[in-house]
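Both of the next two complexes hold subunit A, though its partner changes from subunit B to subunit C.
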Partner chain A sequence: MKEKKGAFLRTEGLVHEYSRRDEEGNVTEIIRAVDGVDLSVEPGEFIAVLGANGSGKSTLAKHFNALLTPTDGVVYLDGKRTDQEENVLAIRQLAGMVFQNPDNQLVSNVVEEDVAFGPENLGVPTKEIRKRVKEGLESVGMYAYRKKSPNHLSGGQKQRVAIAGILAMQSGCIILDEATSMLDPMGRKSIIEQVLRLNKEKKITIILITHHMDEVVHADKVFVMKKGKVALSGTPRQVFGQAELLEECKVTLPEAAQIAEELYEHGMPVRTDILTMQELEEELERIFA
Partner chain B sequence: MIRDITIGQYYTAESVIHRLDPRIKIVGTLIYMISLFLFHKMSGYAAAILFFLFVLFLSRVPFSFSVRGLRPIFLMLIFTAFLNLFWTEGEVLLRIGALEITKEGIWKMAYISLRLILLILGASIMTLTTTPNDLTAGMERLLSPLKIFHAPVHEIAMMMSIALRFIPILIEETNRIMKAQMARGADFESGNILRKLKNMLPLVLPLFVSALRRANDLAQAMDARCYHGGKGRTRMYPLYFKGIDIVACFICMLYLAALYLTVRFLPI
Partner chain C sequence: MSLILDHVGYIYGKGTNEEKRALDDVSLEIKEHEFIALIGRTGSGKSTLVQIFNGLEQPSEGTVYFNGRDISDKDFNKRELRGKVGLVFQYPEHQLFEETVIKDVQFGPGNMGFRPLDVEMYAFQALKDVGIGDELLDVSPLVLSGGQKRRVAIAGVLAMQPEILVLDEPMAGLDPVGRREILALLQKLYREKGMTIFFISHNMEEVAEVAGRVLVMDKGKIVLDGPPAKVFQYQKELEQIGLGVPQTVTLAGHLEERGWSFSEKPVTVHEMAAEILEKWNGGKNDS
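And now, the complex of A and B:
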């Protein structure tokens, strides 16, 4: 069923509701976590979804690889509808997901066997699995740790192993569902760098779900979620230009942008569309030159 | 910090025994353990001990390391030895008060102690030379005929390997919760057993909640990686019999034959 050619991922009027129940199992409250989201992602794009806690961004992400199915609306991944049972395996093979907690997503107690878990499930022949595991681990720089137990690795290293596991499934897309939120700043940086490189070199579509502004400055497109709806979308520069709207979404500007704005308010003639520290540095050098 | 759980302690080394297919090792160990119950002669024990030493030599596990497995059963060993020594009827050799030592008692003590020791050592040679992962894979393959009766063999093996991965994590978590609760004034030490059990509640409850959350997360992660049971699954390291496995089979049979001959034709 190939429909909607072109877009890699496409949602149409996506709604997700879940109900809260009391002890007797009666529905006490229906919560609309995702409320009419339309978006599309082209192959090879780097997309970021931003939002405060409870904005529905994680629920939205779980629709992209059919972990959840829509209450209303449709999601197409590579032209396949996620609510059709026969598409589920193909969709999950195409769109791998890195989860928030690095400990709770690794299955095996040996790194290389964990990376092999996906291809093993897909029934890939033994020789091919070994090749893919090697390539996957090498491309995230974890090949030296292949015989180790994940329990000996740092959080950032575990997330890199998880990424290797997705690469070994030959997914065209990696969804990072707040994958950096439990990492230290070093681990966070290394994961973002890996992901950027995979996007540039292997044209892998990246969907980054996060509440850290600094991670999204390199994205092609940013969606800001608020109460289950997409409140803002555009390039990072377009989005961060709308400081007031962002504040309404309880999303803060990247550090460099904040500094630039403060400087501007204190009467310094700096540009206000600055996103990265490097840009800020160059701007300040220009002013003081 | 406990980071690795090892069932029966794996001893890392490069040896023919380490390289054997886990299925051969499991079946071989079972055969060896059963063989210990088939005779009542010292010559049989001598043969069994020689075979054990031969395998131990091949495995390159130091002797001192292999006998560590006896430590937990040491008390039981002494206890059964005493019971057999003093409470076996027969020709009395020595009398200490009401206690009698008989000739039959001495023999029985020796037999039973040797049998217990060899049972434990035989099993530990397997766990010392096989990684938990290989053991799980071997069991899964050996039990796979039970699938005809709809026994969830693959699922049990998967559960075992997940447990191996998560036990150290949960132990760490237990320590963390314990410290957190102690900082809030919880007391895990004093009082009688009932009181102690009750005091465990603030430890057990958060631990369960966290374990369930982890299970939920892991299930989702496995779903996301296309896990759909054992059907159509391939393996990165499939088990297959190699030359040394067939040799090992022959050696096992040789052992049984030698054991039969010694017990049949030697007087004691």
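And now, the complex of A and C:
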């Protein structure tokens, strides 16, 4: 067991139940979306969370910045319990979240006001806000749209604005819940690179919930969720080495791993722990040398 | 089925200070039983283009012909067009609203003026086509999984008996298994029902795998048009406009620098593996 004291984020026996009610308000069904999750994230780590739709990953993530509070168990962010009302504001300042659907997140009628919304609520001085709004919008390639209304933007552009808003908050932790799902490949790549840079240079803790396996290969640690539980965790190489378990969790291998697997099945002596195209290229070079 | 766009342009907010050109002189012909993927950066005009297809947006310039008739003609039946050109929006499951799955799927055809018996039959058949079992017909759409909801939403469009199915990022936000299910569904509708399929995607690997023809949009124009194996050879051009190519094409490019040769760079995982294996087996036979 890892020493937990220094953990930035820690969950202990976390359970989250949703209840369904009929018209009269009687509970008809209880759904356990998160079912006993123990995990810890060190400060500055880059964490990826994988799992099928409905595996509980989004519900889990909403506990990390106190959008939800546990039905059972405890969540600590930077030592603060998320179920204590007086901690909530501090926790939200510490961990910013970008959602899958930007329509739920954009609040203002002008792009730049929307990006300024977060830092304004944190009490950041106006001059500093202007700087952060500019930097945030530039880094997602949306500065030219700063005076426009978010209503006139495409889904992917809205997603970028939402990401700029979180960048402008400069919080110590960024949680991305399938936040690149509507971006084109270049847009996705540049956002991921930006996030990786924040992680490397500013030691910002990143929690990335995604279906894109190529975004996962650079993570320090990967958690794979299945039916509300962590079914698998470890480094990307450890996790992607468990092909059968992954299939049960409905998670596919990165493309390079798929090719390596197909080659191996046809009798070629390739390494079976390949994750990236670069590794595959080097392996082919070795074999054909 | 034939859908023709002749020099179509579209300008948002015409006459206001928010004026923005979304489509710029697009000419395009979609023929019966094609399987077409449209790729392009966010904001390149893709969603506007597909909304022009079914008359939801009126072009600012140019003409749209459906089965040979100008859809802006006064006596052209707009309602019928909405049914014949079935448009599935981004995240269509957000628009499920009826109490039960079957009622939701009946809503579209119910508005088309079909006979009630036909409405029922079309809805049942559409749900069967998308793989939603009878046990789910009377449940609330809200209790379904993400992938199931998406399929119900697609069924709602299929039930209107479209001649062409147009989908705006039908796989977005789904897990890999959900994506596979939707892809398999599109392939089935194309192969078994003989439907014409047109979908928008950001996933080059998926486009390469299923589409027979790829259209590339940039700044409101169609800049490339051809089969995936041809279009994805234009790696430099695609990257210049902010798009990518399937990862296998990049790998093949790197291998070429190392002295390999490909007649055409492989665009799918299977093609790539097959090329490598051929080299491997060929090499063995030589020695």
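Here is the rule we use: the second predicted complex is superposed on the first by the 250 of 289 C-alpha atoms of A that agree within 3 Å, B and C clash if a C-alpha of one lies under 4 Å from a C-alpha of the other, contacts with A are read in each partner's own complex, and residues count from 1 in each chain.
What we mean here is this: a contact is a pair of C-beta atoms (placed from the backbone, for glycine too) under 8 Å apart; a residue touches a chain by one contact, two chains touch by 3 or more.
Keep in mind that what you see is a predicted model, and the values were worked out from it rather than measured.
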- Which superposed partner A:H152 touches (first subunit B, second subunit C, both, neither): both
- Which superposed partner A:G56 touches (first subunit B, second subunit C, both, neither): neither
- Item | First (subunit B), second (subunit C), both or neither touched by A:G136 | neither
- Once the structures are superposed on A, label A:N101 by its partner contacts, choosing first (subunit B), second (subunit C), both or neither. both
- Taking the superposition as given, does A:L89 touch the first partner, subunit B, the second, subunit C, both, or neither? first
- Item | Contacts of A:R188 with subunit B and subunit C, given as first, second, both or neither | second
- In the superposed arrangement, what residues of subunit A touch both subunit B and subunit C? 101, 149, 152
- Task: Write out the stretch or stretches of subunit C touching subunit A in their complex.
- Result: 12-13, 18, 20, 39-43, 47, 90-91, 94, 143, 145-147, 169, 172-179, 202, 204-205, 239, 242-244, 247-248, 250-251, 254-255, 258, 269-270, 272-273, 276-277, 279-280, 283
- Message: Under the stated contact criterion, what part of subunit A meets subunit B in this complex?
- Response: 65, 67, 89, 92-93, 96-97, 99, 101, 103-110, 112-113, 116-126, 129-130, 133, 149-152, 165-166, 169
- Query: Given the complex with subunit C, which residues does subunit A contribute to the contact?
  - Reply: 20, 51-55, 100-101, 148-149, 152-157, 159-160, 178, 181-189, 211, 213-214, 250-252, 255-256, 258-259, 262-263, 266, 268, 277, 280-281, 284-285, 287-288
- The subunit B residues in contact with subunit A across the complex are 3-4, 132-133, 161-162, 164-165, 168-169, 213-214, 217-218, 220-228, 232-238
